[in-house]
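Given below, in the form of structure tokens, are the structures.
What follows is a pair of complexes built around subunit A, which joins subunit B in one and subunit C in the other.
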Partner chain A sequence: MSRYLIGRVGQALLVLWGAYSITYFILYLLPGDTLSIMLSASGMEADSLSVEDLAKARAYYGLDKGLFEQYFDLLLGALRGDFGQSLSLNRPVADLLAERLPQTLSLAGLAIVLSLLGGIGLAYLTAYLRWQPLKKTLARLPSLGFSVPVFWMGLLLIQVFAFGLGWFPATGSKGVESLVLPAITLAIPSAAVYAQVLQRSFQGVWRESYIATAYAKGLSRGQVQARHGFKNAALPILTLIGLQVGNTVSGAVLVETIFARSGIGRLAQEAVLRQDIPVVLAIVSVSAAAFVLVNLLVDLLYPWFDPRITHTPKVS
Partner chain B sequence: MNMLEQNLGRKTMSASPGLWRRRSRLQRVTATLLPLLRRPGFSLALLVVVFSLVAAIAPHLLSSFDPYATSPVDKLRAPNLIHWFGTDELGRDLYTRVVFGSSLSVLSAFLAVGIALLGGLGLGILSGFAGGRVDAVIMRFVDVLLALPGLLLALAIVTAIGFGTVPVAIAVGIGIVPGFARTTRAEVLRVKTLPYVEAARLGGASWGRTLLRHILPNAWGPVAVLATLDFGAAILATAGLSFLGFGAAPPAAEWGTLIANGRHFLITAPWVSLLPGLFLVAVVFSLNHIARTFEETQR
Partner chain C sequence: MNALVDIRQLSVRYRHGNTAVNRLSLRVAQGETVAIVGESGSGKSTLANAILGLLPDSAQITAGQLWVDGQDLTHASERQKRALRGRTIGLVPQDPMVSLNPTLRVGQQIAEALILAKGKRYPAVDADIVELLQQVGIDNPVLRARQYPHELSGGMRQRVLIAIALAGNPRLIIADEPTSALDVTVQRKILDHLQRLVSERGISLLIITHDLGVASDRADRILVMQQGELVEQGAPRQILDAPQHDYTRALIAAAPAFAKRREPLIHIDPMIEPILSLKNVGKTFALPKVKGEDNTFVALENLSLEVYPGQTLAIVGESGSGKSTALRIALGLEKPSQGQVWFEQQDVTHLSWRDFRPLRQRLQLVQQNPFAALDPRFTVFDSIVEPLVSFGLLKGPALEQAARELISRVHLPASYLDRLPRELSGGQCQRVAIARALALKPGLLLLDEPVSALDVSVQAHILDLLEELQREMGIAYVLVSHDLSVVANFAHEVLVLRNGKVVEQGSVERIFNHPANEYTRELIAAIPGRHVATRAA
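Showing the complex of A and B:
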């Protein structure tokens, strides 16, 4: 077990390092002229500067060093929690992140809870119902759920619940009420995924022989579904929660922009608009870290939820 | 659709006696497609997709208005019989803007899926075929790409290579490469060990020929389903990026920019952003429906 643990954590760290390196490569090596992007991000024109000034700026941003030296400087900094200075806001990136992170965490946390409730509830209902037309309609609902763009859903909810009914504030990041609409918007695509997977896995479970046994014991349909069906059908959801973290982070960028909330996602949008390279690098790495961490947790929790799975060495 | 022709075809076929002949490719395609077309949901979905494709290729056929002609008198009109989707803040006909916008949106989705197909098929075939160390290295690379949230990876790429329709399409395409690589690899691994591949090799076919004639056609199905699904996903992702303001520069209109522009008039004129969005939802939902139907018939 401990050997498995060490291996799994090592693998997670390796993936994280790879994600950082790829993002570094994209942001620092892909552009033809990183310096001019950085200069324009901090509000200067590269053309208007003299040669000495350009050299000075190059040294200031650390672009005059060798490729590997630059990379390792940044990597070591990131490991120590220092992501450098934001070009456009002139503040340490780590401070910016720390300031914005609670907003996004509460939004994402609520969205994950809501998506689980909605997705599992919908699939549970679909499996329980026996009136075919309604059952079929409910089974089609998830694929509508992930066909709807997050930003359009957000606008629709604002139109109906903020402007039409006046129940919730349309924008802003103060108070719990302002969290409701963004969280629902963010929850819908993930809920659709959970519902679709759970619906399919219920279909499979109903054919199992232990369901027949449970009926034979004299349990009612509701009891069979709750005690025997659901527990077995719900296992794939656990893996999906880990995978959906990425979608939630992606969605947060859009949702926070629509609802004008000051979180990490909004920061990402602004940073890309100003081509603020260090901020983008930091945000991408932090969200990759969140993804890797949650998936690691899910993997480690699996044997606890499903005792049939043990971490014995397996042939791959 | 072509029920009459189909019936006629069957009659002539049964009328001509003689040797059994292998059905032509066209016949096989119609034989699988016709039962699907009888499902109303599938035909409707196909109609929506065909409509958006026609709109992308020849928008003039579907609308008589000029997408850029402004008329301040007609600004922010609600949907009516002349202006089906209403008009925007400059009095431009929204339906026309959506129709003309589809060329950019559909084109960028095609570009994105094309990149994903090329990259994903290449990586998947290489790693499924080569196995061993090559496979391990490629799959670790794919794992790393999967750990980066799609939109954020796209944002990083857009930061590096600039804004506009084509960079956004490239960024989205690279974001969906890993999924294709995984699916292709899994299929290649499955097909590689089947008896007919061995038979082809024993028959003297080279690896290249085996790959092209025997493995790829049989590994193609799930990849094609994924491509249809990801076409919808690519439309959503490019729309999302252009909604954030990284897409085509005005006055050109992508679906995402249309929705984003309408945001400012949400209180007074909700249709300006909601109706183009509804069209986008219809297209993506249709693509998902088609992909699901294909997936079900393949099993």
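Showing the complex of A and C:
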């Protein structure tokens, strides 16, 4: 068990480092002169400055050092939690993150919880039902769920629940009420994917021989599904959860824009538009960290769901 | 006395139209062992499910009555049927490898059945689990109860399933093809054990099988089913000695245990060179390092064999005996750790993949599970001509002509060329696989358990076909099987493997008539149906 754990943690750290490094090299190396991009991001033209000023600016941003020296400086800073200065907002990136991150984390967290509840609940119910018309209707719902665009769903929810019924505020980021509509919007596509996969998975599991064994013991349909069906059917979902978290981050960009919330997603969108490189780099690192962390959790949950992973049979 | 199971004129229909069980009547008394024999599709499994009250939603009882322990199941509610399951009727399912929940410990799965039978607040569960495991013949039951199914062998899993069936203290146990997925010797031990447990407790046993041999060894009464109808019933003696129905006669003729051994074959001409020979071949595998255990596994040790054109060599052994490794080495898919492999007077031991490729035309494989061996998206035509296409041998009309010839060789109509594997039966799929193996006109066919996934009567047809092909085309076969009864009527030479070592090697006559080794004798004794067959002789 401990070897499994150490292996997975090591792998997670490696992925995190890789994501940071690749992002760094792409951002700093690919698009022409880094300095002129940085200067134009902070509202100056590189051409209008004298050679000495340019050299000064270069030294200020640390661009006079070698490529790898810069890289290690940044990496060490990032390890200490210092992501440098934002170019367009002129504030430490770490402060920006600290301000925006809780907004997005609560949104994404609630969205993940809602998508799991909705997706798994729907599939579980579909598998349990025996009345064919309702069963078939529920089985078609997921494809509707992920074919509807996120922004359209957001606008629809605002129209109905904010403007129509007035239950929740339409926009803004104050209070728990403002979280509900964006979280639902963000949860729907993921929930649809979970439901679709789990429904399929249940269909397969119902045909397995051990289900017949369980029935023959005299268990009821509900008991068979809970004890013998669910754990086996849920295995593919676990992998998906890890992958969907990545989608939740990119979904946050859209949803925060629609609902005018000030979170990491909005920040990312603004930073990319203004070519604010340190901010982009920090956001990529943070979302990579979230992604890696969730996948690490998923990996650690696997042995609990599927004992075949750690309990390897002895060859005799 | 009332019968435990009393079925009167029962008919079961599937929604898409076919009648699986047709006006069938059957009585099973307390303590009686009854066997239902029939091929796949004869409705025997549907009947078992009906007795358990577990018919799928698409099936419906259309006529007749089904009384179990004084209750008519045709009008019973789900709750009533559930009360019967486990406590009155236990099930020992078909394939032990997939019939236990892989995510629950063995003990928990038995506990479920115990708790259902004896109530939730029941303190002695753990003790009872251990006792049940002991009764079904599992060593170290305390440890086994804590293990997961994948840590047990197939035989042990079958024993666990028997323990589950016994946990509710039922009055009837239905054994649905209880052992067809297991090795013959394991099969015999488990059936013996089940029968002893059942007779000690006065439980009735309903065995469902396609193998008349198994049925005649075990049952007080045999029922023969064909296409949902009962065609004949009676004591095993009576069925075997004086079968009334044509279908029963066909089943008896097909059962390898009752068939006559064929004539001794012409002896091998010393002038003919062997097509394949393995010389002192051994294979060891590296194991993941575990403290205190050997980190190599010897799969095969010092195996020598020779296969001559037009002859069949059978390699017999249980799972884990190294027979599949031997086959993979012969095929060139695996390099031996020691020894040499010669094919058509050429040392092929160390040939690279590329150098070996031309030889693959001369040496083809037929696999165990015909459904899995054919690409489900390929039509029969695509499958058959694939070897020809991949070696770029034929094109256009010549290819079609070749496909038509091949399919007629295996006695399938040419119209089947457009079909997909799922539209064919198991036997037909195996014929297609054989046609595909013949496409390149090989000198040697490796047959990996070619009939063990098929019904007994279909087995006989496939073996007949293989024999005919050997006669006409002079192909050599290497047949790998765990079942000596298949080998007896088919092979010329037999090689018995156990734990990677050769136990015995010789001609079929010698092995069967004068087995020199204890293990070979055990294998021969395990052939189902031998009881009756030898008594009759």
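Heads up, the rule we're going with is that the second predicted complex is superposed on the first by the 304 of 316 C-alpha atoms of A that agree within 3 Å, B and C clash if a C-alpha of one lies under 4 Å from a C-alpha of the other, contacts with A are read in each partner's own complex, and residues count from 1 in each chain.
Throughout what follows, a contact is a pair of C-beta atoms (placed from the backbone, for glycine too) under 8 Å apart; a residue touches a chain by one contact, two chains touch by 3 or more.
No experiment lies behind these values; they were computed from the predicted model shown.
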Which of subunit B and subunit C A:Ile26 touches, first, second, both or neither: first
Contact breadth on subunit A, by residue count: subunit C or subunit B: B
Which of subunit B and subunit C A:Val249 touches, first, second, both or neither: first
Contacts of A:Val298 with subunit B and subunit C, given as first, second, both or neither: neither
First, second, both or neither for A:Glu208, with subunit B first and subunit C second: second
First, second, both or neither for A:Lys231, with subunit B first and subunit C second: second
Footprint of subunit B on subunit A - complex, ascending: 14-16, 18-19, 22-23, 26-27, 30-31, 143-144, 146-152, 155-156, 158-159, 163, 245-247, 249-251, 253-254, 257-258, 268-269, 271-273, 275, 277, 280-281, 283-284, 287-288, 291-292, 295
Of all residues in subunit A, those that touch subunit C in their complex: 130, 208-210, 212-220, 227-228, 231-232, 305-308, 311-315
Complex contact set, residues of subunit B against subunit A: 140-141, 143-153, 155-161, 232, 236, 239-240, 243-246, 256, 259-260, 262-263, 266-267, 270, 273-274, 277-278, 280-281, 284-285, 287-289, 292
Sites on subunit C touched by subunit A in the complex: 52, 54, 57, 82-87, 89-91, 93-95, 98-105, 112-113, 116-117, 147-148, 150-151, 161, 164-165, 167-168, 287-288, 290, 293, 297
